[in-house]
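Shared between the two complexes below is subunit A, which pairs with subunit B and subunit C, respectively.
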Partner chain A sequence: MIAKVTEAHEAPEISSESEESIVKKRRVVVPGEIIVSGEDYLPSEGTRREGMNILASRFGLAEESGRVVKVIPVTGTFIPRKNNVVIGRVTNITFNGWVVDIDSASSGFLPIDESPRFINKNEMDQFLAIGEVVAAKIWSINTRGIDLTLKSKGLGKLEGGFTFRIIPNRVPRVIGREGSMIMLIKEKTGCDITVGQNGWIWIKGQNLDDQIRARKAIEFVAEKFHVEGLTDKMEEWFEKN
Partner chain B sequence: MCQDLRNSEESIKGGFGRMSTMDTSNLTIETLRQMFEQGKRFDGRSLKDYRPITVEHNVSNKAEGSTRVRIGKTEVLAGVKLQVGAPYPDSKDKGNLMVSGDLLPLASPRFESGPPGFNAIELPRLVDRAIRESGMIDFKKLVITGEKVWTVIIDVFPINDDGNLIDAATIAASVALKDATFPGLDKDNNVDYHIKTQNKLPLSKETFPVSISFYKLGSSLFLDPTREEEEAAEARITFGISLWNGQNMINSCQKRGAKPLSRAEVESMMPILLEKQIYLNEKLKKFL
Partner chain C sequence: MALKREDGRKASDLRPMQAKVGVVPNADGSAIFTFGDTIAIAAVYGPKQLHPQHMQDPSTGILRCNYDLLSFSVSDRKKPGPSRRSQELSKMTQWALEPALDLEGFPNTVIDVEVQIIQADAGTRTAGINAAALALAHAGVPMRNLVCAVAIGKLDKDIVVDLDKSEEDFEGGEGPTDFPVAKLANTDQYTLLQLDGKIQPERVKEVLSFADESCAKIYEIQKKALKEALGE
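Let's turn to the complex of A and B:
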């Protein structure tokens, strides 16, 4: 992972946008569908071999890069990974931190020491109260749970705007290659947008109409995950909407 | 099969993006409140608009009548089963009606299996009252002999909860009743489900009960919420409404939620209620 200063939403993503020239056109497959036949191929993530054939074991986009065949799933739950930026909702305050629902199997914990400035233990709810939303980074995952931190650029309590969810597997699509898609949406709507790897997205704009338009644009991208060259299509979309 | 699944709109669309157990954040509630004040919604409807409604008939081959109702992405199944049973001691000259339902975990990440909770009890009860009190079923005609009467059992199963389950469930139950036909009886007046008849239930022709739920957030009232909007709402009031002898009648009414409703607010609902009842009846006519 290259350590460079990134905005919150540019958190490490699973590179589904690899640029190998041998990559054939992706297509949508359903579980059990034969992707390729032949002994030359190697089954990778989301696929399995049965006799001569390589079958999909997930619903997603099949991709062949050289001999390796894999399926990029398009549905599924959020699996937390270290350094993911997530958007969560504060569900409880304990003596030394906040319990944050990050829409994952286990909730995250944000220790008071990981807040960006000093906070008095008696006034924790003035910094983050129950029901408030926070953009945080996953700092470690261990048997006790998921630890979060706010010590990075673009993290912290979110004020104004609203949050909504898309299917987490489609987050890379919404961000686009090197953030091209999200930059386009930000530019066209004039909204501040933070995309969490857990599928939650925060939008804040000058007025309600801009915010609604930004949400529609993002939902459109999440729906059209199977379309290639979507950034160009989005330009057209913005002319119509 | 593969081709079907791949091309079906629903599987391709990320339509279930809002399926999550995370509670609605304060920010989103505040934004929704502002949007409703300006009469705006995320899906572009006005506050009093319903999403598209579709009805499918005969979805179960064991039930006497069954339907699948979709309002937007909300989907409910209802089935009618007819049994011969004894009348209740306090209504010996009438048949029986039973409505039951279960909030299946497949419908929403909010639903868990186990003993029914408040919502799982409320839903069939609201459907029951909307239908029973409308007078749609002529219970006296359900008597077979003095000792034996028909028991009408309606089962309501949400398949997908994207808000407004109650209205969808009542429509599903009403249409299923309209579809239902009696099974045959043997010499001893016991049911023989192998015999099918074309006899419909003794239903009033004009009466078609629907329920209409108003939701309140801040000072705004809105109809047919998505799950996101429903969870942000502070109060709800459900009316069971139908036509009886040419007049529109409110048959049942139930309020839910901590926030009160003012008298002026309830009065302001009445013209909308009438308009929406006519709208729903018109919309559903083509499915009957």
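Let's turn to the complex of A and C:
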């Protein structure tokens, strides 16, 4: 199976290379800190208005693009969103689907109808057994839980290789603008890599050394997420390691 | 001022403070906060699914705190495990932090805060609250503001800030009074007021103005710790 990062590319990119003209430089804010004052600004994600001021509601990087002010989170748990590609582990098999732990507050459910081919209800564990790792897409979030699907390119059971975890908010940086970063890592290490928006990353390569190199490269990116022009730094890193 | 403090501090001087976030790699957010020889570590896990299910609240997420003195943190070894005192302080910490949080976006979930005191020299609950507020912010939890906490004391007739253990055991005159205060930073909203000892009602205002001044200093330390974590 060829693993691709597909939809994950559409995620917002944490990089100040884009829209340089209207985006002011980002700065670190703490909860309750005043980001800007004035009636003209519009509070967006992670901010709130109190009188004349726009305050940060959470810790992160404040960004003004035009009139809109938002805070980009840099730490914390995964907040599931529709169309996120996630990697999870099967924890239970019910009569009509699989329960998948996707490392968020509620677990995901993958109904049998959402598998890419017909599966006999008596032989569900032959397609996905408990403990196996799967890449899936979130197709709906409701009060009962999170529903997953496999009906998209690059999704399905992940066989061989290994998975590890990074801080979920750093995922956009690992993928890079239109997948530039992940493409570079794939190219330099020759590994198949699938990145889940929940911070789980699956790597499979020809040999162990390549896989470990890919993992170290990804961890380097996640560590240096606030550095600008990271793709160039990454090329330097690959020459040294 | 009549009374001279043993370590040469002025009445309004806090002990040297240090703060750092990201000290527990496996937690979603963590921090260490010290007041002189008092060291508190806080780790935050969540928001995550709450069990037992009957505790779940479909309208909002809930906060659960656990405070503990580690057995080696005091000079006479403390028997490990929960005690009456630690249960009380866990609740105090929780009540002090709850008003700062905004958990409506995380129904049916819980945020666990673990506060552990690895070295105790009085003021452990306030150090714990400061560390926990930092850890919650570091975990990316939506908050109205940071929480700053400080213990104000009264030694005989003098009001002093941030008592250490020797001052807490002070004898003479009106005796020692311990008055822990926590508040939302940059506001006049107090989330914790406790009183152990005696104080004249008209002097409480004086205590609060000392608390405001100290909390402003603590806030700067907390802010710096969070900003340093992102290399600013």
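Rule of thumb we're sticking to: the second predicted complex is superposed on the first by the 189 of 241 C-alpha atoms of A that agree within 3 Å, B and C clash if a C-alpha of one lies under 4 Å from a C-alpha of the other, contacts with A are read in each partner's own complex, and residues count from 1 in each chain.
Simple rule for what comes next: a residue touches a chain if its C-beta (ideal position, glycine included) is under 8 Å from a C-beta of that chain, and two chains touch if they have at least 3 such contacts.
All values reported here derive from a predicted model rather than from experimental measurement.
**Q** Tell me the contact category for A:D210 with respect to subunit B and subunit C: first, second, both or neither.
**A** In the superposed model, A:D210 contacts neither subunit B nor subunit C.
**Q** Of the partners subunit B and subunit C, which touch A:E45 in the superposed model: first, second, both, neither?
**A** The answer is neither, since A:E45 touches no partner chain.
**Q** So, does A:F59 touch the first partner subunit B, the second partner subunit C, both, or neither?
**A** Both subunit B and subunit C are touched by A:F59.
**Q** Would you check which partner chain A:G199 touches, where first means subunit B only, second means subunit C only, and both and neither mean what they say?
**A** After superposition on chain A, A:G199 lies in contact with subunit B alone.
**Q** Counting residues of subunit A in contact, which comes out ahead: subunit B or subunit C?
**A** Of subunit B and subunit C, more residues of subunit A lie in contact with B.
**Q** For A:H226 in the superposed arrangement: first (subunit B), second (subunit C), both or neither?
**A** both
**Q** Tell me which partner A:G76 touches in the superposition: subunit B (first), subunit C (second), both or neither.
**A** So A:G76 only meets subunit C here.
**Q** Given the touch rule stated above, what does A:F164 touch, subunit B (first), subunit C (second), both, or neither?
**A** first
**Q** May I ask you to decide whether A:V28 touches subunit B, subunit C, both, or neither, giving the answer as first, second, both or neither?
**A** both
**Q** Touching subunit B in one complex and subunit C in the other: list those residues of subunit A.
**A** 28, 30, 32-33, 59, 226
**Q** Using the touch definition from the top, list the residues of subunit B that touch subunit A in their complex.
**A** Counting only subunit B, the residues touching subunit A are 2, 5-6, 11-23, 25-28, 30-32, 34-35, 38, 40, 42, 228.
**Q** How about subunit A: which of its residues touch subunit C in the complex?
**A** Contact set of subunit A toward subunit C: 27-28, 30-33, 46, 57-61, 73-77, 105-107, 143, 169, 226.
**Q** Which residues of subunit C touch subunit A in their complex?
**A** Those in contact with subunit A are residues 28-29, 46-49, 58, 100, 102, 106, 108-109, 137-146, 184-186, 222-223, 226-227, 230-232.
**Q** For a test of understanding, state which residues of subunit A touch subunit B in their complex under the given definition.
**A** 28-30, 32-33, 59, 88-89, 91, 101, 103, 131-133, 158-167, 170, 199-200, 202, 208-209, 211-212, 215-216, 219, 222-223, 225-226
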